[in-house]
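Data first, discussion second: the structure below is written as structure tokens.
Per-chain residue numbering starts at 1, and chain names A, B, C and D are given in the order in which the chains are listed.
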Amino acid sequence: MDLSWLIGRLGLEHLPSEPATIGAAIGMPLMALAVVAGLTYFKKWTWLWKEWITTVDAKKIGIMYGIVSVLMLIRGIGDAIMLRMHTAAAGITGGDGLFQTDTFQQVFTAHGIIMIFFVAMGLMFALINIALPLMIGARDVAFPWLNSFSFWLFAVAMILVNFSLVLGGFSNGGWLGYPPLTSLEYSPGPGVDYWLWTLQIAGIGTLLSGINFIVTIISHRAPGMTLMKMPVFAWSVLITMVLVLLAFPILTATLSMMTLDRLFEMHFFTSEAGGNPMMYVNLIWAWGHPEVYILVLPAFGIFSEIVSVMARKALFGYKTMVAALTAIMFFSFLVWQHHFFTMGAGANVNAFFGIMTMIIAIPTGVKIFNWLFTMYRGKIKFTTPMIWFLCFVATFTIGGVTGVMMAVPAIDYQVHNTLFLVAHFHNTIIGGVVFAFLAAITYWFPKIFGFRLHEGLGKIAAYFWQIGFLLAFMPLYALGLMGAVRRLDNYDNPEWTPFFVVSGIGVLAITLGAGMLVVQIAYSVYKRKTLRDKTGDPWDGRTLEWSTPSPAPFYNFAVIPKVTRRDEWWYQKLDGVKSLKRSDYKDIVLPKNSSLGFVIAVLVGLFGFGAIWHVWWLMIVSMVAIIYFAIRRGLDDDVEYTIPAVELYRLDKEARG
Amino acid sequence: MKHKEYTKIRDRYIYGFFVSVVLTGLAYWFVVSDVFGVGIATAVAILLLALLQAVVQAWYFLHLDEESKPRWKTQSFVFTFIMVLIIVVGSLWVVMNMNYNMNMGPSDMRQYMIEQNKKGF
Amino acid sequence: MKKLVWPIIIIGTAFGFLAIMWWLVAGTKPDVIYPSGQVGDHQQSLLMLTVLLSAAVVIPVFLMLGIFAWRYRDTNKKAKYKPEWQENVLLEAIWWGIPVIIITSLAIVTWFSSHSLDPHKAIVADKPPLKVQVVALQWKWLFIYPEEGIATVNSLPLEVDRPVSFEVAADAPMSAFWIPSLGSQIYAMNGMSTKLNLIPNKTGIFYGYNTNINGEGYSDMKFPVEVMPGDAFKKLSKKIASSSMTLDYNHYEEIAKPSRDEPVHQMSLSDKGLYDKILMKYMDHGGHEAPASEDNSNHEGMEH
Amino acid sequence: MTKSTATLMQKEHSSPAQLGFWLYIMSDLMLFAAFFATYMILRPGANDGPSSGDIFDVNFALVETLVLLASSFTCGLAYLAAKYKQKVSFTRWLAATLVLGLVFLGMEIYEFAEFILAGHGPDHSAFLSGFFSLVGLHGLHITAGIIWGVVLLGYITKRGLNKNALRRLGLFSVFWHFLDVVWIFIFTIVYLMGVVS
């Protein structure tokens, strides 16, 4: 009884066989059921639908991005523990480690995808949604509905990647699975398709957000705030979004070609029939390198804000920082070949891209010196964000140095795809991106939730993250030089075992650090009365978001402030803050909630699921429904509502307490 | 009630359309009648014509010449075009160079294949 | 006293960590740092050069970080506080200028080293280069010595001080051929023959790896590289050449089947053009005659 | 260009929707750039099947180009008529644009069907995969444009040329002109250069 017309290649044989994956495959639905049961018990479904699922308020969308990212951080660290415990056990027992090779390969592929797409990009969009509109004096983003739709695409992609645990497994080709390994010839299963569609859906969501934030920064700044009076975080977001706008289409194109290869047996990247796998490597890294700058530039922007506020001093060399950001934006599109120096290109090609890669190190170095000289002659408060900054400078500098080392092609021939490379990119991503985002969570938490996070626990968490990072990744540098290649699931060189064991201990220390973060949030919620932020300006800030009450009201600014110079709020406080008069309040227009963002995103998820399992009818039905709802949204003219001045005045008085 | 502006803008569209048709016809003529012979010269000529037509269309049809001061659309168009060139030319340079080094690019493969057939493999 | 708590914790942790790393690293001889081939030596010296050059940036950053953080903490009354000081052309000139100088010198070194250590460049030595054709299979390595007429699986005997000119291809997902103690790695791909030139300058047993994941048995693709004096190598290749097991295309098909933890095989080579046939598996399904009118007078012979 | 029309043009050129849609067009340019680069790399990979010179008919492609150019022209006139509230001539010109678009799409589908029936489907060689995906991607964009145009026509006949209609029509005309610009490069790089070398 061939049911493939109905269920494509779905079947029970795709259920997991490995004990660890079975555990996850049972655990995850159970957690989902617990959430559903809680919601039903407390009758919170309408609240969830009205306040969260259909919201277009950037701050709420930011909170949702944050929740998904923290959940995925926990899963990502869980994957990391599995990997390091496996390699440590493989060394000690001399056997094959804790898991089968296929499971091990799926775990590090999922670890890569989840950490980059759902933790790093997720936290980035969480923080941008929360802080950017407030910082540039805007009421909301330029396209609120598009913001909701982008988030739900991101959430649907997250569900897809986690559902692969329950049915079908994930790709085992690494986070950027090179063909021919991920082509039909060597990986016919649904795992690679899960990987393709997860990246495709998340990628489209990111691209739409990129457009959204560029227009927000260009056309929604407060009156008087010229580009050169904008906070540096806003500059880093503008430049990051330009990179997103130009790089993510290349990812969409490359994944579409790979999907065509797998669905309709075309020959873009197959090794036979004229296909060229090297073109995949070339294209995926033409997106890949701008992607890592997309991750790190907001981190630079965050630290520019934090250092300036914590040292109570204007950021040193504002113009140079903006010039450095622009230089990084341009050069990040000229270096991608350093990811495959060893593929066989000629000396001229390697030398050119190597030199371009080194040139990027100059503006990055300049930024670090500018931060250091912002601390010089300042009055530094060692709050948790500042501790994260000190850890960032120490760690990121090592990462930058190993990066310059690997920029020389001749050296890269010896360290490419070894644990030296693994240590380098963890150095720049954990040391740079993760430290910055954890600092930013502590920094902007009171603005969104109205109470601060507990300082002591925050510092301990930072301490464990820093020690855990050093123990986990410094041994990998040494292992890389000893010939240990990356993604090893077993090795027979007893000399390496102590290194892998120390690295395993390091990962446990990082887990302790992450655990301390969860404890910190829980404890701060418990103690939110004493940690309440009454003034709306807990850190004595310098930018506009600290002029609003905490938690920031849904309309952000009752009256959009006039901006005359950089660090507007700092100088307003020095000259004495003028309170708003009754006549300043005007009617304001805000976007209406819309469920279509969620609905269309779910349909896109179904389309992807249909494509993974070759359920052709599901693909056709969901595509037609997508077009229908898109047209309905396109033609919908009634998308805004107004708040009369009287009501606004009352709300604002209430919020200011 | 035809405004003077209405006819002015319409004439711009007609002018733009006419120039585009001429440029397309020119490129077609270069290729069909081998004006510059087979090879690089023709390819460069028709690419230049294509670039010219793209500018003409952007100017007349997309009204890029009338944009207000900060000219965001024109700036982003030029910047994206540079990035497109970097990606396309960069990819061609990198992958062609690798194919050449492995002297097994598809076209060389065809040559190699012929030579192997001669040896009776 | 209380204000010294955190500095003590930080310095204590730093020294504790350095002690652990010293305990780990002391006594080990990483292949990349202690290579035994001319190419590896050059790469090792390049590595040390970049460490020195970047130290010129890293050390000031760490020093300034510690000093500024300690000196300008808010509880230190003696420190001067100038909140508006945010521009200084001289300082900017320094931290744009010095890195530009460092990077320019490194760029010059990069340009020359990329050409001198280019894997495609043949190594000149007194002995003629040894030709080895490497084929990455699903989870093992096949080494073909066309001139000696022998082939081995998962073991690479070489002659000391004699340059080796590898031709690397694959019949498996993209893999990469790397011997850390001899120098550069290079990718191995289906239907593509890449060149790599190395030279072993010390005898002994070293190990080679596959650095690009190509499926399940990826970690099992470790192989011993035995570097021996000239006459021992000649004696070994004669012994292998006379062995009963021979390698032709059909036997090759047997070996190419996916397998893990493949033991070492040593065979005599009965089909000299085997390597080209493996490459042709991925070309345009050869077999039918190309169009007769194909004029291949300008076709230069494929140099092996 | 008198002051009034300049401000008229300028007012609706810098609205967030116009700028946002323009940035989407820029990202679409990069999407096409990736497909162009791949097509050019894979063009020699004919896998013993037909190479570009064998199967492309330049005359057919020229007609397609002129059809699309005409529809871009009529689309400009439609937008102009709409801005001057001339509903009758607007409807005529927009209908003309959509019909020409359908003719172009029909020709393209005809060419694809002809290749597939002759056994040169996209799954036969890398060159054909590259060709079908590049020209097919443009075809998909044209299809989306036609659906958008039809929906707009229906909306405007029902609700007239109000502010929202003009805004959407402005976006549609930018999209349609952009598709013609991309087709210029497809015509040049795929068809013309395919026949030359």
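One rule holds for everything that comes next: contacts are C-beta pairs under 8 Å (C-beta built on N, C-alpha and C of every residue); 3 or more make two chains touch, one makes a residue touch a chain.
Everything quoted here is computed from the prediction, not taken from an experiment.
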item	value
Geometric centre: closest chain by C-alpha means	A
Relative to chain B, chain with the most remote C-alpha centre	C
Chain centre separation in whole Å, for chain D relative to chain C (CA means)	48
Where chain A and chain D are represented by their mean Cα positions, the distance between them in whole Å	34
Between chain D and chain B, distance of the C-alpha-averaged centres to the nearest whole Å	15
Intercentroid distance (Cα basis), chain C paired with chain B, Å	40
Multi-chain contact sites of chain C, meaning residues that touch two or more partners	120, 189, 191-192, 194-195, 283-285
Where chain B touches two or more other chains, by residue	72, 80, 83, 87, 91, 95, 101-102, 106, 110
Interface hub residues of chain D, defined as touching at least two other chains	14, 19, 23, 26, 29-30, 33-34, 37, 41-42, 44-47, 126
For the chain D and chain A complex, residues of the former touching the latter	14, 16, 19-20, 23-24, 26-31, 33-35, 37-38, 41-42, 44-47, 122-127, 129-130, 132-133, 147-148, 151, 155, 164, 168
Footprint of chain A on chain C - complex, ascending	6, 9, 13, 17, 20-21, 24-25, 28, 30-33, 40, 42-43, 46-47, 50-51, 53-54, 57-58, 61-62, 64-65, 68-69, 72-74, 79-88, 91-92, 95-96, 99-100, 103, 106-107, 109-111, 113-121, 173-174, 176, 178, 180-181, 183-187, 189-192, 194-195, 207, 209-220, 222, 281-285
Contact footprint of chain D on chain A as seen in their complex	142-143, 146, 207, 210-212, 214-215, 218-220, 245-250, 252-254, 256-257, 260-261, 264-268, 270, 272-276, 279, 283, 286, 627, 631, 634-635, 637
Complex contact set, residues of chain B against chain A	72, 80, 83, 86-87, 90-91, 93-95, 97-102, 106
Residues of chain D that touch chain B when the two form their complex	1-2, 4-6, 9-10, 13-14, 18-19, 22-23, 26, 29-30, 33-34, 36-37, 40-42, 44-46, 58, 62, 65-66, 69-70, 72-73, 76-77, 80, 84, 126, 174, 177-178, 180-181, 184-185, 187-189, 192-193, 195-197
